[in-house]
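Please find one structure pasted underneath; my questions will follow.
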């Protein structure tokens, strides 16, 4: 599927007369089950268990002797929260409920003891709470929420995230008070950047990004999502009866040359040759966004983890290829002194301010939404939940034409 | 209709077993559509658009080159809030959505450009958001919420509000956390004043207002509402088994003479002769209260603007007839140093404290509710919504007998 | 009913697929009607009326000339809250609505005057608000919520509470943000104490309470509730694959001898001989807990008063037998300097932290829940509501075997 040809507007509409205004997208309100999600920064998980909510499920995450465990948060006995308990027997990989000491194996979720009932407690081992696959990778705690066997986490994320010996990086995270779909929509090569971010500290002295471009989306070869290509954009345009965009009063201070950011990746670029990244931006299942540069030296990965119907957890990595300690040091300083502030804070805040106030309802799509629409279609067709019996032919996307 | 004869109590009851405990009044929970409402003080609307909620509708109000515009707040593209955008092209009378720059004419609501899609964006002009008639008058921004052509605002408000050359005035405003009907009920010559306000700074040294009076309501000649007349009140009464009202312990400090306030207006008073105001208090559609003095020199106008089912916006004007700069100066000082504090703040707070805590439900009406009942009947019968096809004979009020 | 024999686990389950996850218990979400409940500390009720919510009912409590009154909070006229009014005529035992002065007898609830309508107001006396039996006892204001004639309060509480000449005491109270049933469950000789409280300041230097005991419950002879007996507990146990409970790292500082607390009461103990208290802990209707010591010198009474479905008011007395002024002084100092802080504050907080976070739902019962299950059964069978017509044989408990 190349969504280059626009049949006219609106090309589609979402919204139905039921509780979920985005039901028409085919994307579930609580996110796609059967995927890995980052749920918190690993350094924040110390000796005390932590409660997280992921895809609407209450989960306790804890460590014992360095090993991570994740279980359902609610004790089946009387409903107390396991995250208020602790690992009473270090090395056992268990957590004990704070109320009557029902003790559960972090590995299997089985109840291995009811402390207040004594060692002869009957039937303890027939009781279990749900156990979640959990991992630590690139500084984050990841949890697999679903009903099937979890695939290897490393097989699910781009190489630049898992190959820690070749890449160093940083992450930031924030909670957004909006449904995860509104958040992910914003990250689908959505053509708001030249408008929303044009006066962010990062971009205000450069010409605005090209806009009014034609956007196409192609399935990735490894079936992990879609990649975007954009063509024919302009850095400025005249609108009859209005004036120029960007507005004249904003042009005099745009004296810098554009940075490489936003350039398409060519077949001979190192990003392709070395890392197989053909698109400068792609949408990955179950709701991630991957952004590369032709140099192959810098990547950005953003993961949207649904919390519940009204909020999501946004985890964003900036990843640099290791090129010696001196470069690494410079990159770290650059991130600490500039990127973390200018991009992860101020730039992202411009989106956050808008997204958290969106009034969900009927949409009226336009050319600028092509990336989002392609994502919605791909995700609805390829989500793992579909593989459980009623598998659809699904592959409605054609292999990408040679760009 | 003169509601002088009380057939016995309770003369009526409100409340039905559905969601709206005031459904039985015939007054809509979100207010009467097809009327003008003050929505904010004009000076508060600067260069940034402002969002208001009126009768449950989200509206953005903005200015461009001094002209006012009001549009539906939600952008039909992806649901962002127009009030977070701005007028990018001064003089064009447009507002641009903060997300992708869809730009709407403040005049018509039509989409005149989709900035991020370029000037050739198709079909933009077939898209529109709702546009609301909006005006500035006597320091307030007024919006007409409805489905019919808006009448001239000046034809809808008392002359003393629109004739700015002859009258000067002040306004205060507050948000009340109760349904607009509870608020308006309180303003229908409701006989709570001698009780609730008897110890307010304004009134505590005077005898209490007469109470236990008979109240009658008459339709105004211009069909804009009803006027109230009260008779036979007493300033004190003995209650068997209880004692006197006002209670004895409150009488020793009431050494002042009563002010003219609360006196009925006679046919020869200037209020009648010059301004046609025959009643000292009247209830005007769609929920306003007009209070005059026989001298014709001072009027008070109070407008209740429904926000949503649980809150309303209360706009209150004190209006003085211009009688030379010296009198104007004195009146201004009087308002600033006394009225604004003693009346608009402390006196009104006595009502606010009670009204915001009312537990809606079945009511048990009494003689003291005659003004409120007359208002409810008049408003339910005369609201403009009724004029749309199923017009009722409605005129159940008889012309006022000569008082 | 002696619930000594455990048929195997889970012995029962609660939770149904409707709104109330505890519906299966047979205990009403808002508490048992037709009982007395403490609703506030008496010293907190001064000259201003106070609003309380009890079993979901809004009630105003006020004093006049030392006498207590309790009425429904909502004025039937226009819904204002009587607690915002006051007693205008001291000695009359009335309260006047803050809005139009409808005045109600505290004794009967009858409307004795409509102040703003004058003394001739018709039919006032046919109007009434609900009047609640109200008393002051042992420092608390008690209200009877129900539909039958209230029994004497002194007949409903243990003698040690009502006999103020023989006993002195202290009370604390807190609001818990959980349903009253979750709170009362915690007080049914529930075997969480050795676990939850083992490191509270009161207990941390003593061996933990015996756990893994067998718990039995017996109906009290006066039909006021059930008493608990526990047997065969151990102060320590080994759990295969885990270790010892209490955990080894917690044993070195447990150097004190156990206090008498938690000892069973024998037939020759003064508690039995003098006060007829045979059980060290009992659950009393409608949701109270009574705890005694063999010496008969010290009792604790805890009353759970439902506020609404999501919160309850917990009133707890520590009661000491008067044994001369010197002992009384010492006990008072002991309570002020130690008990109030160590027990009523820190110890109770350990429960509060867990209970307020319980996720209600299906439960999986165990031996340690025997006290709670016995309470639920007894209360569901013996609640006064059952006596209104569809009286059941109810007595499913057998008289207690001689312990």
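Per-chain residue numbering starts at 1, and chain names A, B and C are given in the order in which the chains are listed.
Convention: a residue touches a chain if its C-beta (ideal position, glycine included) is under 8 Å from a C-beta of that chain, and two chains touch if they have at least 3 such contacts.
All values reported here derive from a predicted model rather than from experimental measurement.
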{"item": "Same-site or different-site touching of chain A by its copy chain B, using the half cut", "value": "different"}
{"item": "Cα superposition of chain B on its sequence copy chain C - rotation in ° rounded to nearest 5", "value": "120"}
{"item": "Distance from the mean Cα position of chain B to that of chain A, given in whole angstrom", "value": "49"}
{"item": "Where chain A touches two or more other chains at once, by residue number", "value": "none"}
{"item": "Contacting residues of chain A [partner chain B, same complex]", "value": "6, 8-10, 185, 190-192, 194-196, 211-212, 234, 237-243, 245, 247, 353-354, 357-369"}
{"item": "Interfacial residue positions of chain B with respect to chain A in the complex", "value": "58, 73-74, 76-81, 84, 88-89, 92, 94, 98-101, 103, 112-123, 127"}
